[in-house]
Amino acid sequence: MTTPNLTIDLCGIKLSNPTVLPSGFLGTSKSLLKRVADNGAGAATIKSVSFEAREGHKNPTVIPFEAGMLNAVGYSNPGAEETAREFANIEDVSIPVIASIIGTEAGDFVRVVDKLSETQFSAIELPLSCPHTPGFGLLAGQGTPESTKDIVSAVRKATKLPIFVKLSPNIPEIWNLAKSAEDAGANAITAVNTLGPGMIINIEARKPVLSYKVGGVSGQALRPIATRCVYDIYEAVKIPIIGTGGISTGRHAIEMIMAGATAIGVGTGIYQRGIDIFRKICREMEIWMSENNFNSIEELIGIAHE
Amino acid sequence: MTTPNLTIDLCGIKLSNPTVLPSGFLGTSKSLLKRVADNGAGAATIKSVSFEAREGHKNPTVIPFEAGMLNAVGYSNPGAEETAREFANIEDVSIPVIASIIGTEAGDFVRVVDKLSETQFSAIELPLSCPHTPGFGLLAGQGTPESTKDIVSAVRKATKLPIFVKLSPNIPEIWNLAKSAEDAGANAITAVNTLGPGMIINIEARKPVLSYKVGGVSGQALRPIATRCVYDIYEAVKIPIIGTGGISTGRHAIEMIMAGATAIGVGTGIYQRGIDIFRKICREMEIWMSENNFNSIEELIGIAHE
Amino acid sequence: MNEGFEQPVMMKIDKIIDESDDTKSFMFRHNLDYNPGQFIMVWLPGIDEKPFAISSFGEDFFGFTVLARGNFTKLLHNMKQGEQIGIRGPFGHGFSIPDSIKDGTGSACIIGGGCGMASLTVLIEKLQDYNTTILIGATTKTKLLFKNRYKDITLFTDDGSEGRNGYPTDILEDLHKKHKYNIIYTCGPEIMMYKVYEFCRKYNIQCEASLERYMKCGIGICGQCVCDGQMVCKDGPVFDSQALGKMSDFGSCSLLKSGQRVSLKEYGEWIGC
Amino acid sequence: MNEGFEQPVMMKIDKIIDESDDTKSFMFRHNLDYNPGQFIMVWLPGIDEKPFAISSFGEDFFGFTVLARGNFTKLLHNMKQGEQIGIRGPFGHGFSIPDSIKDGTGSACIIGGGCGMASLTVLIEKLQDYNTTILIGATTKTKLLFKNRYKDITLFTDDGSEGRNGYPTDILEDLHKKHKYNIIYTCGPEIMMYKVYEFCRKYNIQCEASLERYMKCGIGICGQCVCDGQMVCKDGPVFDSQALGKMSDFGSCSLLKSGQRVSLKEYGEWIGC
């Protein structure tokens, strides 16, 4: 029996397998992206970058709970200029690297794109969906079809790179946003960002554990909701989807692909199964695909809709 | 040391402890409510009732997953007239019983309230928040301040019983809805209904497991989001809150009360710890309260806000 | 938390056995953690999901037996070897075997009616080498299930087309005089089980009956399968005399899919048995 | 998945010990699953959370030692016995002890500088009965930590106010000629650790150094504590010669809270040590 072929074409970008490191995990430095590549990821996303540097929220910023993780890092990042420096010669990383870019208004995004224009990123991701950072994402009103269209159109003019738009699972009619993004020229949808926000209170301290009090929910808790989002988006748009949320096994990855994803993000799973989770997931996918007579990822995409 | 006092006053209704059976769990018959009372619940809610009988969705309607449960029962219920018959002499149940009432328009709710007027329910709950049943809750546009106000005002005129309005965790600005409900005469807020909806696909079957494909998420996955909702609502309204979502231990109950709940709902936890979970939770609360020098629930409500 | 599968697992049909003109057994090569009397939920993706008893059980296989009645069971009957079916479970609380039976000092009687026999086969296999009487009844000859699987069984048909003419309950009095039963197990039409229960009460014999109610969750949370404060899916499907004695709905009422409580007659017309 | 506490657990301060004018140890009656070199995250509710080494450890107690530097550590210093602090962990990868040390055939050297000593105390307790040399350095007499806890230690101060004048690394060459070290452990200012590492490389001695980087998650997912592809919180804080050899940031760069990579000098001005 031949080994199944895990390669995918994500709007023109060739990936050796569908696993993608989502933004916010390990994406602070080129050295870590290399490590992620060595551990089998198909592509990697850098930590979201704003024009100016941001320190983010105080600790605790990340807190695991029994059904996943809560985080309110607060988009800490060294700003666009520093980021361009850190990721110069990004070709040294053996897999495609996606630049995640944030801003409050359309112009902010464009300014960051301009600063990064010399860097060889493979795509630009726009997370219009953070549920817990004032001035960004949902808290900047970016979860509407109009705002999505504005920002995507502006970035579309500023770059030739593929644009991925990252959406929030909090918006019930997520397909509307996906459609707006597609109409405005996005090349792929990343679904989804974290859910909520949620809160965990330490009852002895009588205080929320996160310093920002609330944080976005990722991991297992998010998975069925992310799967539904991908399923809904798949019916609404033609561009590919990077299904992200709670994936930690090959079965989860296949489930997300059957819902309609072309690639899959693996973030919180790193905590649960280690940094080699990318390789583990690929191995599990290969075994399942062999046993179930699938030869390529292509054959799996969206088949739960049949 | 004296045993802490778990009794609460929920808008005039006396509960021997803060645990409440939420709607949709075991609330199909008087005999099961008796059993729930025998197992230590402070109050119980019947399965939501519409004017006409409904068979609900096909099976599978309920499916556990690693972080809770997905359900799309589809509001099966025998209709208002049958319900009045089943719960006649509800005084036989030793705890307060809450009637959960659903409808598409304000008038529907009133018709059900009228049919149940002879039955000795302690309160009326209006779940304006189901995420997965066409014609009801969010899918009937009930997740807006205007619609909340309309329905609550209409029901307010039709009954003297306390009205609980049950809200959806999907609405980011949940405090607005709570405020509308309070303004329209609601006596308490039940927060929250299920999240999402979500989807679980069986990859060998290549199909969503729930016959309705998607279902609301309850259990662990919902807990941090429910806690945040209660925290937000507590800052917005003066009426008490029944905090519901993922509670399965005494610690969880205390966390929810510290966030601002007066009473707490326990649904999915029944699957995890058995029907005597109400008694178990109360015992765990008593022990923790003794160890931490709390004498009454009153002292705990909302103290995470300090 | 239940052992076994919380979510349906797709399993390949290893073999299909025709048990009678309208009854088939579906066999699977799979290991289950199963006690006689428990049930599984059988899922046809995109169609529906219903509870079934396990009628064959071994280390590396199990099977269930289906009477074609409505849409779901007819679709099941159309399935072929090699096709896949979703199974979750086993769920519920099965039969208990008192010490007097295990140590050979007592004796038991097993009474199956119609497709209720499917719930009793694994128990019969466990008890057939002890002092056990086995009575099987059906409306007519072609509906007698598993009659060739066991030696020493007494058959009954309502129309006398095979075995004795009448109901298994007719001869209970005589048999009990002879065998002094410690326990009687039964599964079949509820009216039959009710008669067995009443007989047991009269003679102070332990009784265990496996009830059938329309199920949704199968895991004790929705309340659909309620029988007087008991959840048939979780507290049952097998109940003993003490529990049955407290259930005024036993032998009388059941909930339709909407939750409406109706007489067993009306329930039977809706769902058949 | 980490052992220990994923979420902060509030623990009562059992005792506070003044170690020097600006350093205090906080003791707790609690059992931890801990290996020397690992760290815990210390949470002051509503304030902040920072990593600290464990400096005392027993079956039913542990303690950590804090140099008052910035806001957080000053608030910690203001806490009283009986008050509660949140602890999660232990996290990370600690020191390893080669067989040659365990079986007494080899010898080890432990070099602590300033508050870095706090990471080494539990290791010292484990190794003090073996062939182990202990060197402690500090800028001045009052900053010499734990000098009275152990016998047979050699002290150094930059200003000569106590012990030998100079750095512990000054006499390494002589000591190594005498003891033939199999391994040298170090924690302290990174510039000192870097010197130790270079010395070890020259003489082909195994080296383990405990690094310090600003941390956020503490569990290996955010990338804040990165040192050349290694996460100090998860892959470290202790790294061996092989790992250190691949880290060009070791002894040179670190990330500020924003993620900006700066020289250790600039980092030190921001965070001090």
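Going in written order, the chains are labelled A, B, C and D, and every chain counts its residues from 1.
Just so it is clear, contacts are C-beta pairs under 8 Å (C-beta built on N, C-alpha and C of every residue); 3 or more make two chains touch, one makes a residue touch a chain.
Quick caveat: nothing in here was measured; it's all calculated off a predicted structure.
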Request  = Please name the chain that ends up farthest from subunit B once chain centres are defined by their CA atoms averaged.
outcome  = D
Remark   = Rounded to the nearest Å, the gap separating the Cα centres of subunit B and subunit C is 36
Note = Between the Cα centroids of subunit A and subunit B the separation in whole angstrom comes to 34
Mean-CA-position distance for subunit D and subunit C (Å) = 67
Query = Any idea how many Å lie between the Cα centroids of subunit A and subunit C?
reply = 51
Ask   = Hey, what residues on subunit C touch two or more of the other chains?
value = none
Query = Among the residues of subunit B, which ones contact at least 2 other chains?
reply = 65, 200, 204, 206-207
Message = Going by the touch rule set out above, what shape does the chain contact graph take here: line, ring, star, complete or other?
response = line
Key: Chains that touch, pairwise   = A-B, A-D, B-C
Inquiry  = Give the list of subunit A residues in touch with subunit B in this complex.
reply    = 65-68, 70, 131, 138, 170, 172, 195-201, 203-204, 206-208, 213-214, 217, 219-225, 227-228, 231, 246, 251, 254-255, 258-259, 288, 292, 303-304, 306
Ask   = For subunit D, which residues are in contact with subunit A within the complex?
value = 1, 6-10, 41, 43, 45-50, 84, 86, 215-224, 226, 228-229, 231, 249, 255-261
Key: Of all residues in subunit B, those that touch subunit C in their complex   = 24-29, 31-32, 34-35, 47, 53-56, 58-65, 73, 76-79, 82, 86, 200, 202, 204-207, 209, 211, 267-268, 270-272, 275
